[in-house]
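Quick one: the structure is below, and I'll ask about it shortly.
Labels A, B, C and D are assigned to the chains in the order they are written; within every chain, residues are numbered from 1.
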Amino acid sequence: MQTGKSDALLRFRAELRDWLEAHCPAEMRDGARDEAHICWGGRNWQFESQAQEDWLRACAEKGYTVPTWPRAYGGAGLSRDEERIFHEEMDRINARKPLQSFGIWMLGPALLHFGSEAQKRHYLPPIARGEIRWCQGYSEPGAGSDLAGLQTRGEDCGDHWKVTGQKVWTSYADRADWIFALVRTDSEAPKHKGISFLLMDMTSPGISTRPIRLISGKSPFCETFFDAVEVPKDQIVGKESRGWDVAKYLLTHERSVIGATGQMPGTGRALGAMLADEGADMGEATLRARALKLEVDSLTMGLTLERYADMAEAGQGVATPRPC
Amino acid sequence: MSAMAKLVPTEDETLLGDSARGFLDSAAPVSHLRGMRDAGRSHDPDLWAKMVEMGWAGVLVPEAQGGADMGHAAAGALAGEMGRTLVASPFLSAAVIAATALRQVADGRAGEALRRIAEGGVTYALAVDEGPKFAPEATAMQARPEGNGFRLTGEKRFVVDGGFADRLLGPAPSGEGLTLFDLSAERAGITRDPRPMIDSRDAARLRFEDVEATGADVLGAVDEAVTVLAPALRAGQAALGDETAGLAAGAMAMTVGYLKERRQFGMPIGNFQALQFRAAHLWSETELTASAVLHAGRMLDSDPDNAALAVSLAKARATETAQLAVQEGVQMHGGIGMTDDFDMGFYMKRARVAAEWLGDYAYHAEEVARLRGF
Amino acid sequence: MQTGKSDALLRFRAELRDWLEAHCPAEMRDGARDEAHICWGGRNWQFESQAQEDWLRACAEKGYTVPTWPRAYGGAGLSRDEERIFHEEMDRINARKPLQSFGIWMLGPALLHFGSEAQKRHYLPPIARGEIRWCQGYSEPGAGSDLAGLQTRGEDCGDHWKVTGQKVWTSYADRADWIFALVRTDSEAPKHKGISFLLMDMTSPGISTRPIRLISGKSPFCETFFDAVEVPKDQIVGKESRGWDVAKYLLTHERSVIGATGQMPGTGRALGAMLADEGADMGEATLRARALKLEVDSLTMGLTLERYADMAEAGQGVATPRPC
Amino acid sequence: MSAMAKLVPTEDETLLGDSARGFLDSAAPVSHLRGMRDAGRSHDPDLWAKMVEMGWAGVLVPEAQGGADMGHAAAGALAGEMGRTLVASPFLSAAVIAATALRQVADGRAGEALRRIAEGGVTYALAVDEGPKFAPEATAMQARPEGNGFRLTGEKRFVVDGGFADRLLGPAPSGEGLTLFDLSAERAGITRDPRPMIDSRDAARLRFEDVEATGADVLGAVDEAVTVLAPALRAGQAALGDETAGLAAGAMAMTVGYLKERRQFGMPIGNFQALQFRAAHLWSETELTASAVLHAGRMLDSDPDNAALAVSLAKARATETAQLAVQEGVQMHGGIGMTDDFDMGFYMKRARVAAEWLGDYAYHAEEVARLRGF
């Protein structure tokens, strides 16, 4: 029962605390969750301040943009216990995340599992340093829930594929440097087969994007069009026509991905307290009852993400819950 | 909210849970409760003796007093398994609530009482409520100082296991605050009126008429019941959360089994997407609840002074999930879900009683709100 | 807009009010909804009081047990407006319903629509007078939601059917005099065809019942067993093997049936007021919010039953709601 | 709760609704609102002129003043059709709320104002709220007596149509009670700050700085605003309930259409039972709501003094149903439900604004509770 008291962890915490004290700029300690303050990185990234840039550089140097990735690929090689401490200490000083990206959340784990050694060394460090910003090309207008029904095609042209089709809901495609996408490379195979997981430079001839306007007025989403885009054969993750395995792996392991983001609901301010600050009448029964339920549910959701991350670390899949 | 201890069962807890499941599936399946109900009994001393023999009564008792001292998460694992088959036993009253209370008091008498709990020599009941809703502070009981002791007069209601417990643990106002008394249930002046609840367990009404209590009957310090009682209540609430989560999981398992077996329109009804979605929703709720109850146990073990939020979260969440599980259980079983022949009714009744005991959903949701600053 | 002010209706209301004043015993003015106080009638009915018996006799004589049925069959022949006034005046003095039964709610409407003139004259008046108590035999253990999958069989024996099988959820079968049941009379036909709507005397040799215990401890429900029960050929409603039409008619028109019972939810006391009387803390947010929602919903449900009855009277089916 | 008038539309109401639907489908489909939004306009005088021409502005105006005097159920039928295609017009503000207020006052001036409403010569806005929540009694406005009249100072917020209306109707405390003023929006001292709401309609902020008001500007009696205002608010709430029910039905129709058309996994998504059940649930809710809004209209027409319960029921129920309809609409449309290209967002935004205007769900549910004795 008495866990987490090992000397090594205590030492790690102390060192980390010192490091944060020395390297996290004051401006980066506002715990900002506002979208405008997120650092996404990438070729064309405009840092909003010197502090944002300094903070990214400092973290990247220590591997703290991707704390659990191996050091060889730009991470800090932290254990789950160390990672937990890392997030606790970051939260303690209300530090902003130095970098967020689909490269960290999604492509990275896929490469770590399916990538060749060469691919890992080529693609992962620029993600960790915030130099290359990735976007994800899964959904298509005709294939939403029915993802495997996707129609974007890659024609085999010997040393490259020629990719033609359309993706939708590609978040920030208009600002990304590269895209990882599911592409049908074998149109004869059953629909879950014949799909490959390809990497494409967004500056490749034939790729264009168009933002999608949402009902809120703004949107991170784009449509992305592929018109005979040439993709070299070494830009595939996993085996040809086995891209579905990669996509499934990412979906199945999303819990550790989510856990790794450290953004657990309920760790922030209580909903009811925020509402009260906005002048809401928290004595009013209907509002209060709804706020209570949301508070209970969101705290429990946060604990569940934590539990899933612990289960993933312990090598347990999501199974029938105990007791059952 | 976070504890360094992992939100996965330890190896010991897994072993404990597995052995409990194996034992209860044969010694106390739901049919055992049915048998007790049909016989008009709310306590089975033989079953409790076996549970004692397996060491469960001492799960929270220090090793020095003959217990296993495995902690609240382990106690919760046991309570969860008991919930799964609706075991009726004094486990919560004696091995969790009373044991936790007694552990707050570092004297020889409390140590001796802990030893007797662990060895099955004594059972306890917690006598706090005087009305239908959990309100430990709202007591009209009187503890009138007399000589070195007190005279107790008043009434306690909904005393779970109170009809058969050997000893009673209950607070009464004594001047500056509440004092917690630990009395033999046979003490002169105490009248017990056992009342079977709808879940076939006992929730006695106790009358205290000028009951003599000496300083030796006081647990902890005079006027300071809350020091002892508060941790005991939290422990009980957490374990009851586990039991409730367990009964939700048990009801769900029964329902999912039925979905696979019952055929209508030429196929198992589990083939119908509308029912699949309802089952998936229920499963998700049980997953969320499993996190909350395990976390409550971890917090009680690692940081008990700050465990109130975790405990109320667990009790609130488990209560809601169990209600959903038994409602969906009855609904998805169709008509037979409403028949006494089928066990779902037992789950529904236990869920209803467990929802009220030691604070209902609204009570604990308000606790969460208070602790979260609104 | 100014409806319901016709002189005839005003006169009807006045006369009815006088009649109720003269004939409704004081003991019957407690508006009792307790199951124990319902008068179900039937051969073996034990009136709980002289007042209950007097009240039934008085109503039956005027046709007020089935106010909208034609006079020829024991009703009062009231129009929908008159019926509404009837219920209002009954509610005004808090009068108990003189009689309730599945004969009134279900068999009566089926006979009025599908029965021969002889059947109407034979079966309806005893229902109206509370002399014969009916129960309904639809569900079977193997055919619940899948009602048309029922297996109780009627073998054609010339002048009668020989019925064998089992029904379940037959409310009060152990106290009923007759049963109306769906029976498969043609096992070759598709499952919705081949079913007949038969009437059987519960004292017929071969019929037995067994009560079902519910989780509440008591139950109005029974299992009903048919072992080679002989049913004369004239005890069929509608055409042979077209019983599904009769059953469907009853389901489709249940809204008018429900409307006709006059027991609209929400016409009773408010839930919140009842809870408060029981000592519930109506200031507690979760309870209050739930009670508010239930109150709003149940009042709206009552209005919907009323609207459906009005639509049925106006010859409108349940259609896409206006505006849509 | 019951009215003798039938809960089915009369022949006149059906004809009115059908002609409104025919007209609006061509003259003001949702794309019309989109066009106004894109052009930054919150009022289309041409559209309103056509609606006046069809007699809608006079639906509650007596025949003597040139109106059709068809009653509140008929006005509700029109509002429902307008909700269906999200028409933005001063119908509720002028033809329902102001007309109902003016009808409470039997003088020549009010009669003349009614005539001008019916013929489209004047539009009104109701200026009651001063904070984000509907609270007609909570006013910090000042009506300082001066000579034979008053000087008005203060601020009104969320004045729907207040940015373009010709006249303003608003209460202010005047000593013993509230007095209702009926002022030209151009009166010296009034500043209007039009504010487009998320549904692209106008909810202006109005400032009154020492505005001179004479006895001739008072609608009804001094200190007795409530006599005139209460019926007007009830009429507005009922019609807004209709509009809200109409938008729910419109959103549902759009969603059901999509279920039939969108294909995934080789079939229309409407073939999936889970979506069928959700659609059926939504339909049931719209059916219940249809009863509540029609009943409110009937009560206002037949027994206005006792219509408060019916009106609050309708507004509360319609608000909840519309919220469900737009949420399910967005969900069942999948991703495109969230795009501006699709109209569902307009329904969602109107539902959100309509939920707040003239009292939200909680306000009206509490009214139901109050009127039902708890």
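Throughout what follows, a contact is a pair of C-beta atoms (placed from the backbone, for glycine too) under 8 Å apart; a residue touches a chain by one contact, two chains touch by 3 or more.
Please read all numbers here as calculations on a predicted model, not as lab measurements.
Peer 1: If you average the Cα atoms per chain, which one ends up farthest from chain B?
Peer 2: Chain centre farthest from chain B's centre: D.
Peer 1: Any chance you could check whether C-D or A-D wins on number of contacting C-beta pairs?
Peer 2: Result of the comparison of C-D and A-D: C-D.
Peer 1: Distance between chain B and chain D based on Cα centroids, please, to the nearest Å.
Peer 2: 53
Peer 1: Roughly how far is chain A from chain B, going centre to centre by Cα mean, in whole Å?
Peer 2: Roughly 41 Å, centre to centre.
Peer 1: Using mean CA coordinates as chain centres, what's the chain A-chain D distance in Å?
Peer 2: Computed from C-alpha means, the inter-chain centre distance equals 45 Å.
Peer 1: Among the residues of chain A, which are close enough to touch at least two other chains?
Peer 2: Within chain A, residues 285-286, 288, 292 contact more than one other chain.
Peer 1: Send over the residues of chain D in touch with two or more other chains.
Peer 2: Residues 362, 365-366 of chain D touch two or more partner chains.
Peer 1: In the complex, go through chain C and note every residue touching chain A.
Peer 2: 283, 285-286, 288-290, 292
Peer 1: Hey, which residues of chain D end up touching chain A in the complex?
Peer 2: It is residues 132-133, 264-265, 269, 334-335, 338-341, 344-346, 348-349, 361-362, 365-366 of chain D that touch chain A.
Peer 1: What does chain D use to touch chain C in their complex?
Peer 2: Listed in rising order, the residues of chain D that touch chain C are 1-2, 4-10, 14, 17, 21, 70-71, 73, 77, 80-81, 83-84, 245-246, 249-250, 252-253, 286-292, 294-295, 301-302, 309, 313, 316-317, 320, 362, 365-366, 368-369, 372-374.
Peer 1: Applying the document's contact rule, which stretches of chain D touch chain B when the two form their complex?
Peer 2: 272-274, 276-277
Peer 1: Would you tell me which residues of chain C are touching chain D in their complex?
Peer 2: 1-5, 81, 84, 88, 266-267, 270-273, 275-276, 282, 288, 291-293, 295-297, 299-304, 306-307, 310-311, 313-314, 316, 318, 321-324
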